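To keep things simple, chains are lettered A, B, C, D, E and F as they appear, and every chain counts its residues starting from 1.
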Amino acid sequence: MFFHSKRLQYTVRVGESNPGLANLMLEQFGGPQGELAAACRYFTQYLGEDDPGRKDMLIDIATEELSHLEIIGTIVGMLNKGAKGRLAEAAEEEAELYRSITGAGNDSHITQVLYGGGPPLTNSAGVPWTSAYVDTIGEPTADLRSNIAAESRAKIVYERLIALTDDPGVKEALGFLMTREVAHQKSFEKALYAIQPNFPPGKMPPVEPFSRIYYNLSQGPGDMQGPWNSEAHFTVKDQVEEVSAVDGGDGGFTVKLSAEEDQLVQQMARRTASDPQADPLTGADLGGGGLPPVPEKP
Amino acid sequence: MFFHSKRLQYTVRVGESNPGLANLMLEQFGGPQGELAAACRYFTQYLGEDDPGRKDMLIDIATEELSHLEIIGTIVGMLNKGAKGRLAEAAEEEAELYRSITGAGNDSHITQVLYGGGPPLTNSAGVPWTSAYVDTIGEPTADLRSNIAAESRAKIVYERLIALTDDPGVKEALGFLMTREVAHQKSFEKALYAIQPNFPPGKMPPVEPFSRIYYNLSQGPGDMQGPWNSEAHFTVKDQVEEVSAVDGGDGGFTVKLSAEEDQLVQQMARRTASDPQADPLTGADLGGGGLPPVPEKP
Amino acid sequence: MFFHSKRLQYTVRVGESNPGLANLMLEQFGGPQGELAAACRYFTQYLGEDDPGRKDMLIDIATEELSHLEIIGTIVGMLNKGAKGRLAEAAEEEAELYRSITGAGNDSHITQVLYGGGPPLTNSAGVPWTSAYVDTIGEPTADLRSNIAAESRAKIVYERLIALTDDPGVKEALGFLMTREVAHQKSFEKALYAIQPNFPPGKMPPVEPFSRIYYNLSQGPGDMQGPWNSEAHFTVKDQVEEVSAVDGGDGGFTVKLSAEEDQLVQQMARRTASDPQADPLTGADLGGGGLPPVPEKP
Amino acid sequence: MFFHSKRLQYTVRVGESNPGLANLMLEQFGGPQGELAAACRYFTQYLGEDDPGRKDMLIDIATEELSHLEIIGTIVGMLNKGAKGRLAEAAEEEAELYRSITGAGNDSHITQVLYGGGPPLTNSAGVPWTSAYVDTIGEPTADLRSNIAAESRAKIVYERLIALTDDPGVKEALGFLMTREVAHQKSFEKALYAIQPNFPPGKMPPVEPFSRIYYNLSQGPGDMQGPWNSEAHFTVKDQVEEVSAVDGGDGGFTVKLSAEEDQLVQQMARRTASDPQADPLTGADLGGGGLPPVPEKP
Amino acid sequence: MFFHSKRLQYTVRVGESNPGLANLMLEQFGGPQGELAAACRYFTQYLGEDDPGRKDMLIDIATEELSHLEIIGTIVGMLNKGAKGRLAEAAEEEAELYRSITGAGNDSHITQVLYGGGPPLTNSAGVPWTSAYVDTIGEPTADLRSNIAAESRAKIVYERLIALTDDPGVKEALGFLMTREVAHQKSFEKALYAIQPNFPPGKMPPVEPFSRIYYNLSQGPGDMQGPWNSEAHFTVKDQVEEVSAVDGGDGGFTVKLSAEEDQLVQQMARRTASDPQADPLTGADLGGGGLPPVPEKP
Amino acid sequence: MFFHSKRLQYTVRVGESNPGLANLMLEQFGGPQGELAAACRYFTQYLGEDDPGRKDMLIDIATEELSHLEIIGTIVGMLNKGAKGRLAEAAEEEAELYRSITGAGNDSHITQVLYGGGPPLTNSAGVPWTSAYVDTIGEPTADLRSNIAAESRAKIVYERLIALTDDPGVKEALGFLMTREVAHQKSFEKALYAIQPNFPPGKMPPVEPFSRIYYNLSQGPGDMQGPWNSEAHFTVKDQVEEVSAVDGGDGGFTVKLSAEEDQLVQQMARRTASDPQADPLTGADLGGGGLPPVPEKP
């Protein structure tokens, strides 16, 4: 179970109200690479995990991500605090208030009008957070790779946010959060490679030779060679007959239907057949102008 | 630009109509780990990529994933073909048709009633595909890790689907698709490590010592040690004073408000203050029964 | 910040594997009335709250809801544990495994095929959780009412789940969770009524007499009187002239356009006008059969 | 403004409780082709429409669709009525109740557990209704075509639902609803063709000759000719050089960057370049087993 | 299966970096009327189609729409290229970078902060693409009408985008894309009318006389006559008794419940009845101020 | 069934075109607290309600909310009218039109480019309306509380919008709409308290003593006392041993597996175990630079 301490994991000192910057920060609060996504990702893996070591690690990190969600949410709240008071008390003239709401040039208007200046679980475009962002599938060698990737992405988004603010307190707290993604990535890497073998993931072996072929399906002047399709590891196929119907069949598709099904499918086909010989008058003809008068349907 | 050949990349031979199995297959058609997600992932990266080698690889694989989308969609179409004719032509008695629609025990009813037996871009629960599944962020060391993870997840879901069917033609085609995920993972791994350095991702260095600390935030009997928190690589912190306010501050949060903002925020606070001394009668009291008659509001 | 203890808030003892029941339990894990929604609701209010008493209460309860999320997620994990092993190790014949996956008669197939038996953040129909469920708007008298309502709804959904299971351990844990919703509702009621006045919510007064009128817009044999439209508190209006254009105007709508705008709007209107005198031949006529041959467009 | 009469537009007589059938009916209540989508579609067009004739038609039909929403919702409510009482009063043993909830073989469990037997605004898979289903774009020749198509789709889904029930009262009411879609389609066709010209939609003329070319981009044994690509109306292009870079350019893509932008883009390219000559050791190699001992990083 | 050529279908020449314009262009990349929606629409119809002519046409056009997705995505990428380098390399001072990110006045901030300047599958408001936009239902006369409407809508959105840019290269490429929607609409019209009859769509005949009635449900000064409700084709009903309970019944609703169901439903009704005679004290009374002291619950 | 009168419930007089203000108004058209949500909430409750008095009230108010949807939608349409003509007729130079589209500083660009100036069912950030906003669960004491809360929230959002505009006609119409939320809240309060008892909601009694305990899970300097955790009504628990495993168990979790399940779960655990003693080389090590040459996998 969870406990909470009123001390943040990292002290937040914000220089001044700035609802436009607050809106950008939402990306790491309720955005796809943000802290709620991270916490939910590791928490659901923790619940489904049976390995005692990984289970412990997952909940340690999930709990930390919740603490980070609190830090970034606190930053959003502080940046919005002045604007919140201004709208709740409607202190200014309407026209001035309108300008201050819409003038930030991003989506801060929705944070204020709909969410009252509190930190909503949306990204910086106001899109609600969805668990479709959480890609946990309940298999450790896949989930750990997903975690490694997620930490990388979060690190980059923090980097972008740091580049956008010159408020020293915000910058410093974001630097801490960015760095912790690096630490978490290291832990997940260790956990992945402590499972041996971990590649290919899962239990079923590949069907050979298909795991050692590279299909060069985009051709033309930009064709390149690199380690991803090098002869040392891959056979490159680029001729049409080599890349299609690779099972040696005809590349077609069939299903065995029962006699009744077959009869019904054919009946449906006849009923809805297009006549390839027709040159029918169409709605576009009727609407295109220039058509001679047409007789009414009797 | 794209071209299409009427030959599939892998021949599809389905043994018999089975809308319940068709519904499960949707997981890899319009599900989060499915082929549309894969194709969109690599195609959007291709469009944003400037490195000529990676750009070529990304479009090769994106094009192949589109061809896989066609294979899995063809399997769905074949498995649904008999049921489609049956409902379109309404050949059976209503009660029998109702039983066949709802009897499969999963969500195949929606594939038939709403989508007419065609392959819809939903997962096996009927949830529409969303680009929220696509985690491309436009930085190659992050995106390649995301691709590696995505291929791992797709491999596992195919493995589960293979375990669920005894139709040899379906099994064989799924085996091909599963194997190609392994091949793609290998290519993405090569591409990632051909960027040096690629860790930590991005450009900004971590703020030390925070990248070398492990915060043990879940404590109790299940506490474990492993490579993810080993002394060789991490300093483990588990005392309350070590894990909170790690910047050395007070763990609080502040913002500097202008005098006007401050006054408005305080005015709002006064207006909406809760009286901690009150013991107010509440709605729950009014609804809980047993209350003596209360005087009307004058 | 958050801490975690490996002891649950309430001990979970599940009698036997039951993925169908696990699927129903998801309603309170990742469903709209579930524990993630509750935790996020109170946590975001906590971040935006300035009143010290309410702020403390909100984080106390948010932290408890996270602990409840852990309990219900643990129940899901336990109920799915056997099925998870069965699919991961593919121990049975495919046909038998297929029957066990699709035979539960609800959406447990997706929990297993897509999420590998772990507890996903979806409701019992497999719909991903969305923060659109969180109705926090950053005003305490509204948010506290939202919380009171949310606790009521959660209480009812737990009641339904309890009615559906005869596993004593599951029943007991659900009874605890249901009861805590009652306790939380009581606290939120106290906090709401400790703000005085709290009705009408917000700062702007109603425009009278409109707050004391009841518009009887559905008329006919089922028309009823009750406290919600009683003469003691409301003036009932039910004549057409009383209920429309209640401002005394003509019920129309106007906007003052600039001369340039007006000219453009009129130009657009002319360009897209429908001729009310026409009896045009239409696409439906072309498709309805029985039409005499129509001349080709020259 | 709207008024309501307690008499339905069509009398609803349901033969017996059937929550499984109720669930299928949701398709036309809160599904993409259902009555809420229809009502919202025409209502939003009505609000944006300036042509007095079309404006009148749109609100007539929007109002009727709301009345249809009421009919289909009433059918759902009646079909669920018995099950609602059963769960609310928890009259049966848990095991029996569980069987009755999950035994219908579709998604009726969610209607009951989450929505308490009321008609929720979801489709038959429990997916919440979204205005993403409403394709109004505010241009009459496009919107009227969208309406014609929407009425066609709704007609078909009703046809499928009618085929699935043998309850005479339900069948009769559905027959009425299905027929009204036909009537509405006829009205929208008339309204479209009463605008002349209406093709191509909008104001800008096509760039010739591109509106008269058919690009045959899928080639192979199934290539067909029909009115959609006939020589009478189209020039068919099927040679690679005819179908790509059709503007006569090189098919490439360029942007003029400022000197500063160019320098930054090149710097980013260098920093993230993949070395095409490398054959790096990768994560997959580390996880694949069989690797000789590797030296520790010093 | 698909193949890719590195030459675009239409050469893209962008005059200068412009992330604000890039953001608007997203409407046709990942928006509801955009090219991904078009490609998915025709591709899923192709998979479910049995008529050989239509099947060929659908995949020809689906493949072309993928090629258009590439063109519009390339335009987005080029327009964002400078901004991407600027943020990735963080070349400017933070304050200046912040201004350039938020200054465009639309949602370009999210394209840059979250997606790194690559083209994301969202619309111009940052809303993720969803297959809820794809209205394929697996019946050709409905689906072809949906396609005709979709092409009309796409044509209009391109027209609006063309009106917004003065970059000649962008304008020219958009003109090509707009024109191809016209060509596709013509093909789909031909394919629809080559099915005879195609109206009413589907197999079941309408229930007469309901297909020939127009219900005038919105009444008042703006009532109009036009071809959509003309006497030549429709009987107009506008009297209350003519438009409600049109089956001749009482407009009520009934369900036959079993004795047990009936008893449970009545028990539930009694338990939750509202007392129409009550004038209860309410929560609003408690919060409205001015209430005399109320006695404590004993 | 529904009827419509062409007179609005409240006359709308808009002073001038203002697409930026129109965009903010969308919050109450297609936003979570807006009129569509309100109408759908009460309409679905009406359909599921059996109590004749509440049923009448619900449809009276649902019908009024539809009339309010029409008012707010009309305001949006009027505010957008000039901009709509400007873009449809493309009267200005492109650069000027671009500036007017993107210059409003909020999301008005999408209303214009995608929706053509009509009122779309989105919120002010362009997020499509979803029935996930509708929290009806089919139990009257919960649903009435949800309605009370919803009216409160809507009142506040109107208050914010009123503060943002100085157009007298818009301000007046919004004042009417705001006030009606107050009236509706009063009616719903009366209806709730006319059910006795209504607390706790539903039928099952709480499990005591858990309804009378307050768990103080967030501790530290900000700990407060108030009516929500006062000794008069709650026992406060704040010691670790008092707040965890409150059932007196060990706080653990167990499930009884069959022998076969147990064996499979153990097999899976062994196959995917992490070796806690390992110090494996990881992908991060490979990417971090500074690694000595590693031998190729043979």
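By our rule, a contact is a pair of C-beta atoms (placed from the backbone, for glycine too) under 8 Å apart; a residue touches a chain by one contact, two chains touch by 3 or more.
Which chain is which protein? Per UniProt: A, B, C, D, E, F = Manganese catalase family protein.
The shown structure was predicted, so the numbers you read here are calculated from the model rather than taken from an experiment.
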Q) Which chains, if any, touch chain B and chain C both? A) A, D, E, F
Q.
Validating interface symmetry: for the copies chain C and chain D, is the fraction of residue numbers used by both over half? Same or different.
A. different
Q) When the C-alpha atoms of chain D and chain E are each averaged to a single point, how far apart are the two points in Å? A) 7
Q: Express in whole angstrom the distance between the two chain centres, defined as the mean CA positions of chain A and chain E.
A: 21
Q) Just how far, in Å, is the C-alpha centre of chain C from the one of chain A? A) 23
Q: List, in ascending order, every residue of chain C touching at least 2 other chains.
A: 1-9, 32-33, 53-54, 59-60, 63, 67, 74, 77, 84, 88-90, 104-105, 107, 114, 116, 122, 125-128, 130, 132, 137, 139, 141, 148, 156-157, 159, 185-186, 190-196, 199-200, 203, 217-218, 222-227, 230, 233, 240, 243-244, 251, 265, 268, 271, 274-276, 278-286, 288
Q: Show which residues of chain D lie in contact with chain A when the two form their complex.
A: 141, 192-193, 195-200, 224-227, 230, 232-233, 274-276, 278-280, 283-284, 286-289
Q. Where on chain A does chain B make contact in their complex?
A. 5-17, 32-33, 52-57, 59-60, 63-64, 67, 74, 77-79, 81-82, 84-86, 88-89, 91, 130, 132-133, 135, 137, 139, 141-142, 145-146, 148-150, 152-153, 155-157, 159, 162, 172, 175-176, 178-180, 182-183, 185-188, 190-191, 193-194, 199-204, 206-208, 210-218, 222-230, 233-234, 240, 243-247, 249-258, 260-261, 264-265, 267-268, 271
(Q) Give the list of chain A residues in touch with chain E in this complex. (A) 20-21, 23-24, 27, 31-33, 104-107, 123-127, 156-157, 159-161, 163-166, 171, 217-223, 240, 243-244, 251, 265, 268-269, 271-276, 278-285
Q) Along chain F, where are the residues that touch chain D in the complex? A) 1-9, 30, 36, 40, 43-45, 47-48, 59-60, 62-63, 66-67, 69-70, 73-74, 76-77, 84, 88-90, 114-122, 128-132, 134, 136-139, 203, 279-283, 285-286, 288, 290-292, 294-298
Q) Within the complex, which stretch of chain F touches chain E? A) 1-7, 50-51, 53-54, 87, 90, 93-95, 97-98, 101-105, 107, 109-110, 112-114, 116, 122, 125-128, 139-141, 148, 185-186, 189-196, 203
